[in-house]
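Heads up: the structure comes next, in structure tokens.
The letters A, B, C and D name the chains in turn, as written, and every chain counts its residues from 1.
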Amino acid sequence: APAAAQGKKVVIGVSIPSATHGFMGGLNWHAQETLKRLKATYPNLEFVLATAGAVGKQVNDIEDMMATRNIDALVVLPFESEPLTSPVKSVKDAGKWVTVVDRGLSQAGIEDLYVAGDNTAFGRVAGEYFRANLKPGAKIVVLRGIPTTLDNERVDAFTAAVKGSGIEILDMQHGNWNRDKAFSVMQDYLSKHQQIDAVWAADDDMAIGVLEAISQAGRQKEMWVVGGAGMKEIVKRIMNKDPQLPVDVTYPPALISAALEITALRFVSDTPVYGRFIIGSTLITPDNAAQFFFPDSPF
Amino acid sequence: MSDAAARPLNGFRLPSLSALGPLLALILLVVLGALLNDNFLSSGNITNVLARSAFIGMIAVGMTFVITSGGLDLSVGSMAAFIAGVMILAMNALLPSMGVGVPLVLAGMVIALGVGLLAGLTNGLLVTRAGIEPFIVTLGTMGIFRSLVTWLADGGTISLDFAVRQFYRPVYYSGLFGIAWPILVFAAVAIAGQVAMRHTRFGRYCEAIGSNDKVALYSAVNVDRIRLLSYVLLGLLVGLATIMYVPRLGSASGSTGMLWELEAIAAVIIGGTALKGGYGRVWGTVVGVLILSLIDNILNLADLVSPYLNGTIQGGIIVLAVVLQRGKSSA
Amino acid sequence: MSDAAARPLNGFRLPSLSALGPLLALILLVVLGALLNDNFLSSGNITNVLARSAFIGMIAVGMTFVITSGGLDLSVGSMAAFIAGVMILAMNALLPSMGVGVPLVLAGMVIALGVGLLAGLTNGLLVTRAGIEPFIVTLGTMGIFRSLVTWLADGGTISLDFAVRQFYRPVYYSGLFGIAWPILVFAAVAIAGQVAMRHTRFGRYCEAIGSNDKVALYSAVNVDRIRLLSYVLLGLLVGLATIMYVPRLGSASGSTGMLWELEAIAAVIIGGTALKGGYGRVWGTVVGVLILSLIDNILNLADLVSPYLNGTIQGGIIVLAVVLQRGKSSA
Amino acid sequence: MNTAAPALELVDVRKSYGPIEILHGIDFALHAGEVHALIGENGAGKSTIMKILGGFVPPTSGEVRLDGKAAPYTSGAEAEAAGVVVIHQEFNLAADLTVSENIWLGREIGGLFLDHKAMRRGTQALLDELDCSIRPQTRIRDLPVSDRQMVEIAKALARKARVLIMDEPSAVLTHRELEVLFRQIERLRSQNVALLYTSHRLEEVTRLADRVTVLRDGAVVRRAARGELTEDGMATAMIGRDLQDIYPPKRHHAGEVALEVRGFSVPPLVQDISFALRRGEVLGISGLIGSGRTELAEGLVGLRPASGEILRNGRPVTIRSVRDSASHGLAYLTEDRKERGLLLDKTLRENLTLANLSRFGTPFLSDTREDAALTKAIADFDIRAPRRDMRVGNLSGGNQQKLLLAKTLLSDPEILIIDEPTRGIDVGTKSQIYAFIDVLAAEGRSVIVISSDMPEILGLSDRVLVMRQGRLAGELSGERVTETAIVRLVMGTSEDVGEEPAHV
């Protein structure tokens, strides 16, 4: 029988990266909201939340949860996959429940539960949209995130998807998932390239900066922009059929909520919850945008 | 030799080569940029680069005074984010009662300057009254401001009301006589800073304190007050920078202004101000800021082997720019 | 007055209150931790805190010498990432020929120390030979090392072969007499550092150079060599820290060691070493490192209002720790 | 006296800084077992010659010869290894290090690890030899200038020199330390060390020197053996004109009380000082080094926390900072020109006006007015600067002191407290400065002169206060101002042994 059902306190550790950019901010918000809700619903559950700004700090957090907070389960969104693999494995080896969110560990079979978005799909869905909506010979520019494995996965999938379509990728620079940086990179793209038909901004925060740079240059009519993740501001504009922002690709920060809820379920009920939950990336279009719009989320 | 005293003054001195170093580096960069890309010298690109430099630029001018008087401020980036956050929240809150219009924008500006002043005052008082090393004080407040804005934003982004933004936008995007506002304001700040450093008591005292605070004390300089003032001035300039920054994207978040402090300090040092204090060169700081912006711009305009190596080239150019400047060892 | 000369020396001086300040702050933090959580003083937690302090700790000990001799090194975090990257790539490359085993790990260690030495030498030569401000040199190399490791990793992560990692792991996780290796190595480095600072010519010369490099030069001290040595020593210690770090995480990427430089410098200054040089206190640095680690640890022990406010508390404690230390103004 | 090859020699040495030649073909020799005095006006080039001899500065042309052969060194450190040791005019001590650490810097005792005990013992022995009560573990930062000079001397003595070059070692020393120094010099002479000595106190030269070389504007103008030149003759050779009595006649008539101090204490040393200062009066304060004169003065102008009453023109005033004291018409000239008086990295103009900037324009400073002030100061105080826009740190020591005087007097104070005003200033300029002080007094201002130079105290003061161990030991005025009376008070010959021991 589940521990919490017998009245025993269960401590669940939650370790996520801190809110350093839009997507993570949204994820932090969803995590905290879900924790509030779960605590109210299940008084026997106790949560320990730690946010880390660097990979080393996250390993420290997990160690601290083990050493001082006697956690029974760990929900972790690894800052980076490789370095978190051994520390999470030692949690597992100590007999704890492990839920891994979003970024998989580099070794299979450690986690009990895996809830993730699909980075490859994220890039591919966007790429396919470009392929379908641009003529051969069209020129596009790409803004990448912070150099990381997941950024590589997304970009590789995107390039693979547009490959052979005759679409030319003029430039790919890092915008670091940051509005300001994306703004200046886009400004420079606009100075450099006379013809740009579309922009893959790869992230909604960057899309905001990109749109601003385009409107400053007065070239709104020439190109459209696709971001990613499903920020409410962007979804709203898609709902309103903004010609500059035809679609968006989801990568919902709410996936942390799913992970937390399923993990909690494991301790309060007899539901078997092992397995992998992959939350695919779907295309937000004006038609379906309403279902992706969360007006209360800060993201 | 005794006649030296009677010799006429030579009031005008040619700037030495070392003073011209950063300028030389700047010119080289401009030439490089023009060679790499035809649009580099287009008015659009020049406006972009200058306007972008404005935020860091204004902050760096203030930082010049702080560093010249022997201080340091690591908190400016977080401070900018914090001010932007407070300003936007305040404007959104005032919107229902004041409506979109000039008064609301002015209120926002006053709030930005006020918060900047208070933030600078906090740093300054901790440095002068509590006598803590500026490095530690501002490392502490850096964390504090940053986390406060993240908390205000609930981890996300604080966005200015859409209508207000539309109204406020021209403060960044439009200008006077075809020159964008941020550029004009930056130019005004730079000129005022240069004049203040060279031709007012405040500047002279900053240099004296940085050169030897004991001598300044013995010379009836109110050392603590000048130090405090330098932090307050910097706070105000961060506030001013924020006023120009907010209309650009209309938002603030925990990642706003990240690493601006490093960029501002680097600009100051590249410009020839001594990190240990005692010698400040505001126009050098302006050159330093432009060098840093240009490096980014050129890296974006040029097609490099790999964008991963941007940092290498950036770092290399920074070091080179300074090598040009210092002929001889005595760092 | 002349009889004062005949008075016996009191060779032993009680450390002043200001010297005890950081220690006091450390003790307060320990008490606070113990009150907040029963497991705080468990050997497991103590081991964790000490072991994770070890990386920054070793680097900070090296940084103490650099700062004491009037220098600065902003590149240590990126340098650690770079060394880790090169070390892992080299070990992976050597694996087919050498196989998993002690020789491979030793080869990796030698490479780490060698790269650290070269990196430190680069910084040191640019500072001493080219005569560029340490701030600029190391800001430049910071960007360079960081982008090189990103490039080596192709934007992703460089991972140590799994089998090698398993073999190498005990270097971080196991120990001697129940004390983890990183703790032992850190303790050794700290003791050696303290002895070097207080009881060898090198330490004495670092202080003399930081205090007044001209005097040192006049006194037959090879100023440039000592300065160079301080950077090389720091590079070696970064290499050593990396040797202990790689078995912990088994990988390196563009974000490895991010902001370590700030933490290391903060630890040095919190410990009572003067940022302007001339006075170094290695044991103080160790206390500073522990204070910084403990703050993080304690934040994890308690449930705070909002994790967004961590930075506020962290910043507050850092400033407070130093307020305890400096009674009077004279920063 | 000595026919062997000179121990150390300059042959046709020239030195230029930029386009300006400072030394014009100097020939100069030091012999073992002799004290050679080098004298000359401020800026004549004495320190430069000494730096060239000591390997710190290369000559532009010409040669340095050690034992008749080209000197084998190119740096001060190498020269020291060859036995040529310099006591610099400006202190050459690291302020953050202790006395002992400074003395052994560069030649520490011990193998891999330093032998602290041996070094401390060695330091103590050296200090004992100098009859000096400084503790080896004191940081230089915490020592007054006079003690720093003794540390410099101890450091040089520790070097076991065969040629010892002393650049104005006596400028900051009092009578008692001076005697100690002379004993050491005589001991070294008898040990066949070659000594070079310079001082602006010509009586010292007469007493010590076996040979005298007079320098003017970078050229040798006179060489003499012991006894060939009187003090007047030296002065005449130096400044190229005759010099009458350098002290102005005492003709001050004191007016009403301008400043009164009651029960004034500056912890920890200075206790319970009371005195009155009248308009038009020059008040000398004498005492041993460490008797607390500087502390008293710094307490009065608000540089140190102090207690007690200060009355200005009969009204009580509070002075907590230099600004307060300036607003009450008080100005203080520090004894420590390098650390507290001048910004060595800045130009003359910036230094001159620093304490009175508000007079040069609000809000914008007027370069023209500042330049005019500098021109006037250069003329009034005979400041010899090769270039007006040079760093003050490159001025000769005496010219720095003159600039400091000019800076202090720029505020046009009612009450002027000057601490060691003529330290390192040549006789010619000294008389000018004394005349200046005289004019100030004649204008009805009040001057307090703190000096370790006995003739100066005697020559200038209308009244003399003597301090001992932080207290007033006595007051002398009129006819009673004599050297013996002062020395008796300074030394405390009344021998009240019950008093607290000397502070340290």
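One rule holds in what follows: a contact is a pair of C-beta atoms (placed from the backbone, for glycine too) under 8 Å apart; a residue touches a chain by one contact, two chains touch by 3 or more.
Just so we're clear, the structure is a prediction, and the values are computed from it rather than from any experiment.
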{"item": "Farthest-lying chain, centroid of Cα atoms versus that of chain B", "value": "D"}
{"item": "By number of C-beta contact pairs, the top two chains", "value": "B-C"}
{"item": "Centre distance in Å when chain B and chain D are each reduced to the mean of their C-alpha atoms", "value": "44"}
{"item": "CA centroid of chain B to CA centroid of chain C, Å", "value": "30"}
{"item": "Whole-Å separation of chain centres (CA-atom averages), chain A against chain D", "value": "72"}
{"item": "Per-residue overlap in chain C, given as positions that touch at least 2 other chains", "value": "150, 154-155, 254, 306, 308, 310"}
{"item": "Chain D residues counted as touching two or more neighbouring chains", "value": "none"}
{"item": "Contacts with 2+ other chains: residues of chain A", "value": "18-19, 28, 32, 147"}
{"item": "Set of all touching chain pairs, with the criterion as stated earlier", "value": "A-B, A-C, B-C, B-D, C-D"}
{"item": "Contacting residues of chain A [partner chain B, same complex]", "value": "18-22, 24-26, 28-29, 32, 144, 147, 171-174, 178-180, 183-185, 187-192, 205, 208-209, 212, 216-217, 233, 297-299"}
{"item": "Chain D-touching residues of chain C, taken from the complex the two chains share", "value": "1-7, 9, 11, 13, 195, 199-201, 204, 207-208, 210-212, 214-221, 274, 278-279"}
{"item": "Residue numbers on chain B that touch chain A, as the complex places them", "value": "37, 39-40, 42, 44-45, 48, 52, 150, 153-157, 159, 173, 248-249, 251, 253-256, 258, 296-297, 300-301, 303, 307-308, 310"}
{"item": "Residues of chain D defined as touching chain B within the complex", "value": "43, 217-218, 303, 321-323, 325-326, 332, 334, 339-346, 350, 354-355, 357-358, 362-365, 367, 371, 375, 378-379, 382-389, 407"}
{"item": "Touching residues on chain A, where the partner in the complex is chain C", "value": "18-19, 28, 32, 48-51, 53-57, 59-61, 63-70, 79-87, 106-107, 146-149, 151-152"}
